[in-house]
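What follows is a pair of complexes built around chain A, which joins chain B in one and chain C in the other.
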Partner chain A sequence: MVDKAKIVEVDDLKVRFYTYEGIVKALEGVDVFLRKGETLGVAGETGCGKTVTGLSILKLVPPPGRIEGGRVLLNKDGKTINLLEKDELFLTKIRGKDISMVFQEPKAALNPVYTVEQQIGEVLMLHRKAEFILNILRQIKDEYKKTKSKFRRFILKRQFGLYKLMLKNPESLYLKIMSKIPIVRRFKRRLKEEIRKEVVRLLKEMEIPDPERVANMYPHELSGGMAQRVVIAIALACNPTVLIADEPTTSLDVTVQAQVLDLIRRLKEKFGSSIIYVSHDLGVIAELCDRVAIMYAGNVVELADVYELFKNPLHPYTRGLLEAIPRPDKPLKSIKGTVPNLINPPQGCRFHPRCPYATDICRKFKPELVEVKKDHLVACHQVMGGE
Partner chain B sequence: MEDILLEVINLKKYYPITGGVFKRKVADVRAVDGISIGIRKGECFGLVGESGCGKTTFGKTVIRLLDPTEGCILFDVPRDIREEIKKHINSPNPDSYKLKKLREQYDIATFKGKKLRSLRRRMQIVYQDPTTSLNPRMLVKDIVGEPLKVQGLAKGREIREKVLEVLQKVGLTDKHLYRYPHEFSGGQRQRIAIARAIITNPEFVVLDEPTSSVDVSVRAELLKEFLRLKKELDLTYLFISHDLSVVECISDRVAVMYLGKIVEVAETRELFNNPLHPYTTALFSAIPIPDPLAKKKKRILLRGEVPSPVNPPQGCRFHPRCPYATDICRKLEPELVEVKKDHLVACHRV
Partner chain C sequence: MNEKVSRWEEIKRGMGPTIKELKFTINRIKQSPLSIVGIVIVAFFAAIAIGAPFLAPLPEGWRDPFQVPKWPPGSLTHPPTPPEPGAPFGTVDGYNIYYACIWGTITAFRIGVEVVAGTLAIGLLFGTLSAYYGGIVDEILMRITDIVMAFPGLLLAMALVAVLGPSMDTVVLALILVGWPSYARVIRGDILKIRQEDYIEAAKAVGCSDFRVITRHILPNSIYNVIIMASLDIGAIVLSAAALSFLGLGAPAGYADWGQFISMSRPYIYKNPQDPLGYWWTWTIPGIFIFTFVLGWNLLGDAFRDILDPTIRRR
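On to the complex of A and B.
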């Protein structure tokens, strides 16, 4: 496949957290790419850096974390942009519009003191205001033609002027003053109505029953599944080209999870977004994703097509993970040992203390991610040695 | 028929909702609403259901960590007495003196004080999240040894010896004795919780989602540990979980719960191969299968969400979401009926 089809490329990403106990090397050179229109699953155990990878694509790593190196390339309108070099102002335009994110805990991701409408409206105001204002201008024109009353025409004319100003120079002092004066500030109602319409449309698309009522609700009134739908609605409000879903179904029940997965699948078909789906549940990944990246202790250890990965896992860790899934017909197997402490990670391959095939070379050198077969990348010395 | 260790008859647990100026009772949350099952000696009885369906409440009520609102819990009672109690309960005069006497003697639900405490030794629980169930200010040796002290089973040096013995049983060593819970990983913490549960030599252990807070690779290890301990110590488990694949793997029999009621009970194989209740079918079809080739499987999506247990639907509790609901479902509540040998379903359709 040609490189142009890659929509997001993460290249040698390094993230460290400076804590009191020491420097946590959360990501040590992560290489992952996302092609247009595909779903990439990122799997691994707790603390292996799945979420941090997602966050650093949007440059959202919370302090004390710091992105120490690497590049995050976004392919936007034919141009390649390195997001890590850009400033906050530029990123604000990208976040939520080109790349958006669905967070793990829907209840924690929503602000408890704002209604659903206000929270979805916030994203819409930030990225799609111009679109709404143009809509309103058209409406006012239509109304102007229809009415005969001179007074009404006068008001419509003023409103038209104000909205035009809002489009041209939203920071203007005149506009600010006008929106504070009682009666005059009523002109803003049109924008509110427009946003409400869009919010209800979005909620309807998320298959929320009775969207008009839900729009007025506060997050605590929503159930877990409903809250997650609202979060997805916020993420999809601006038709992003890339959606990062960070364990969106982990806190939900199986039946609700099935509903949400079904929704994500259908929305993807409809909007044609590319999705990075972070999850520790290999079952969900098998069902939803086209390609899978397996992470371990801050590295991508295997990257392959789903069918290939589940049929023919090459990295010992991937094999261990697949065998650790309880199945009724097979005996249970587990990976010995525990995930290493990332303040002081093992030398060489980070998996070697738990690896049954580890040799001297594994203890000394860190394996690179190499393409063993077409579209099947593995970081393991043993596989390269022609096993 | 195998020997039944624990029998529950029409168990109910309501949580009152208070309101108004005088904190009067306004309504009840019917967390557990009339459950009758028997758990056999030496088996692992799985209990599955969505969150909020009353699984944990049931587990806690059964071992009297919560006081039941109504119903009998018979633990290790000979068969003829169980039959007699059941006969009395089903008789037209359920308040008879004889039943009262029998219940005072055998029904755990009526136990108090010393009698109850001596019973606690025989039934233990392992909680969901070991980070919150272990006291962060206590050393491992104190955490694990506490049940011995409370029960008066051992003193002084003996405690240390016993603690060490139990720790070795769950795969920890003497160097872990003088550490605090925060120094351990999730899997090890859960092992400490297990050690604390088995130190009194219980016969019955409630495992309340013991693997939901650990990772896939550790989960497999813990499950193996549970199976091994069960064999070694001759335990009976009540395994509560929302993770169906785990339950399928570890349990001998499984019960499916929905809104405070049991809708289906059967042997694991039978239940997973041949689910009869529409809720069970939908629940199983929602499990994501870790095999991309199985993608095409038809999935039954349930509409809507679990109704509130404060005000459960009339008739069959599942009828608002059931694709096959008819008039009778809306009016009459189905009983748990044995359709095949050892396969009980509460559904009008079957």
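On to the complex of A and C.
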């Protein structure tokens, strides 16, 4: 099998949160990568660092958190960029365009004071303005050829000039003044219409009934599933190469969840994005993902193909997780103990206090993530010693 | 014809959300009669302010409209004269109270609006920067705020006016310098709350710059409390200015300012044992003006809260 290009690679990522109680070592050397066109599931218990990993890729770890080390490599147009070294200005151009994110609570992720149209329009304006302006310029040219009226021609000429300026120098003072003068500022209508058209198209793509009406709604008027579709529309508005979905279906009920998952799968095929799907629901991950990374207490402990992982789980924690899925014919099992306190994590392998196979070596040394089979990486002394 | 219809439809569709919100707002206002009273009072004063040149025309050859003319014209200081045609609210120290009350409305609006605009601008700047950036920026800006706040407000304003020389402009400046810390505090608290919200994170994840996040996403969600405070303050600041004028630190003698006229009538609050309220018009009439003005703004502030605050709005 040919190794398809890695589009995102997270390398030895370390994130710390500086709280009153102490330093929370949220991520302690996370290694994970995403290939082009695949869906990577990230699973684990609450508080194991799944969401923080997602946010770190965008360099958006909220304070008091800080990224202390490691690299996040993005493959953009054949070039590899380390996002953690770049400044904010560069990152604002990446965020939403090359990498975008879907949040867990769709209703909380929408700004309550703006309509759906305004919120999707904002992303479009930030990243795809040039495309719209080129479109408008073409329209104006066509109209100019058709009209005979001198007055109309004069106006069209002015508009053409203004849009050309907008394309060349969007920060121009002249443009800012012109867009404040009544009547003159009507030239902006074309841009608004273009954006509206695109918003409606996107909403239709998300299988929202009556997109024209929904575009005018405020977030509180939407149902949970509808709101999540809008959030996904925002995330996909600029055709991102990577989509980070942070438990997008957790807060939805089961039928809506199925619809949204279906939608994500279809959109992935259509837009060709690669997806990092964060979830604690292994059932959803089994259904949707190509590969799975299992995280525990700020480390990736196992990384494998989805069939391989479910058929042949190697790490004791993965096995525990799989046994903890409720099934009608078996009694429900849980992993003994709780997730360790990350201010004072256990020495050596972080899982050893809960691991039934732990030995001395596990208590002293941290296992590295090692490829034990083709495309099956695991971080466990016992597995490596056993085979 | 066909094109016209479609264009009209377009406009209607584009305005759809705005009209919907406007209708909702008007409905909310209709539901609370007190806010209508507030609006009526403030509108009434606004009408007086606009119509001042017609309601109280300047005497012939009078240059400064805010300098209150004497009644009868050219009279020297003498005991207050009761209401009569020509001076319907009576006189005090020879000044025409009616004229002072009408033109004083403009002064009241001017002080209220200028001071609130100034305090709001400084408060917003300090509060927003310190809340959004946090850390050392927050520490420095908030300590400055604390220092200003530690002084008793009116005393500091008095000291400033005394140093800068009493005039209307220095009163405005002093009240701005004294008033902004509370705005900074309130806006800081609100932004700290909003900053945690998921949609701010989402806005950043979509590629908004800091400036855009602050102006487009944080402020529209956190400004309501400050706007309400500001509308309540327009009334309160008129009271502070009146207090300064009452202490003789406000406008120059004879300036059309309600506070100053109350101050002027201080000796006439009590006439003599036989007729204790003999000079009632000197202090009641400017007093009623101040009272109603402040009341109007307070009621309007409540109305603003009902209309603007998104957490109350949809209930």
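A few points about this structure:
What we mean here is this: the second predicted complex is superposed on the first by the 382 of 387 C-alpha atoms of A that agree within 3 Å, B and C clash if a C-alpha of one lies under 4 Å from a C-alpha of the other, contacts with A are read in each partner's own complex, and residues count from 1 in each chain.
Just so we're on the same page, a contact is a pair of C-beta atoms (placed from the backbone, for glycine too) under 8 Å apart; a residue touches a chain by one contact, two chains touch by 3 or more.
Everything numeric here is computed off the predicted structure, so don't read it as measured data.
Once the two complexes are overlaid through chain A, chain B and chain C fit side by side, free of any clash as defined at the top of the document. Contacts of A:L156 after superposition on the shared chain: neither chain B nor chain C is touched.
Touch criterion not met for A:L13: it reaches neither chain B nor chain C. In the superposed model, the vertex angle chain B-chain A-chain C (Cα centres) comes to 80 degrees (nearest 10). Applying the stated contact rule after C-alpha superposition, one finds that A:C355 touches neither chain B nor chain C.
Contact with chain C, but none with chain B, is seen for A:V123 once the two complexes are overlaid on the shared chain. In the superposed model, A:P328 makes contact with chain B only, not with chain C. By the touch criterion defined above, A:D281 lies against chain B but remains apart from chain C after alignment on the C-alpha atoms of chain A. Between chain B and chain C in the chain A overlay, the least Cα distance found is 7 Å. Here chain A touches chain B in the complex through residues 45-46, 209, 223, 225-226, 253-259, 261-262, 280-287, 306-307, 310, 320-328, 332-335, 338-339, going by the rule given at the top.
Touching chain A in their complex are the following residues of chain C: 10, 13-14, 16-17, 20, 134-135, 197-199, 201-210, 216-217, 220-221, 310, 314.
Remark: chain A residues 55, 58, 60, 62-63, 88-89, 91-97, 100-101, 103-105, 108-113, 115, 117, 122-123, 126-127, 189, 192-193, 196, 212, 216, 218, 220, 231, 234 touch chain C in the complex.
Those residues of chain B lying in contact with chain A across their complex are 50-51, 185-187, 215-221, 223-224, 242, 244-246, 248-250, 268-269, 272, 282-283, 285-295, 299, 301-302, 304-305.
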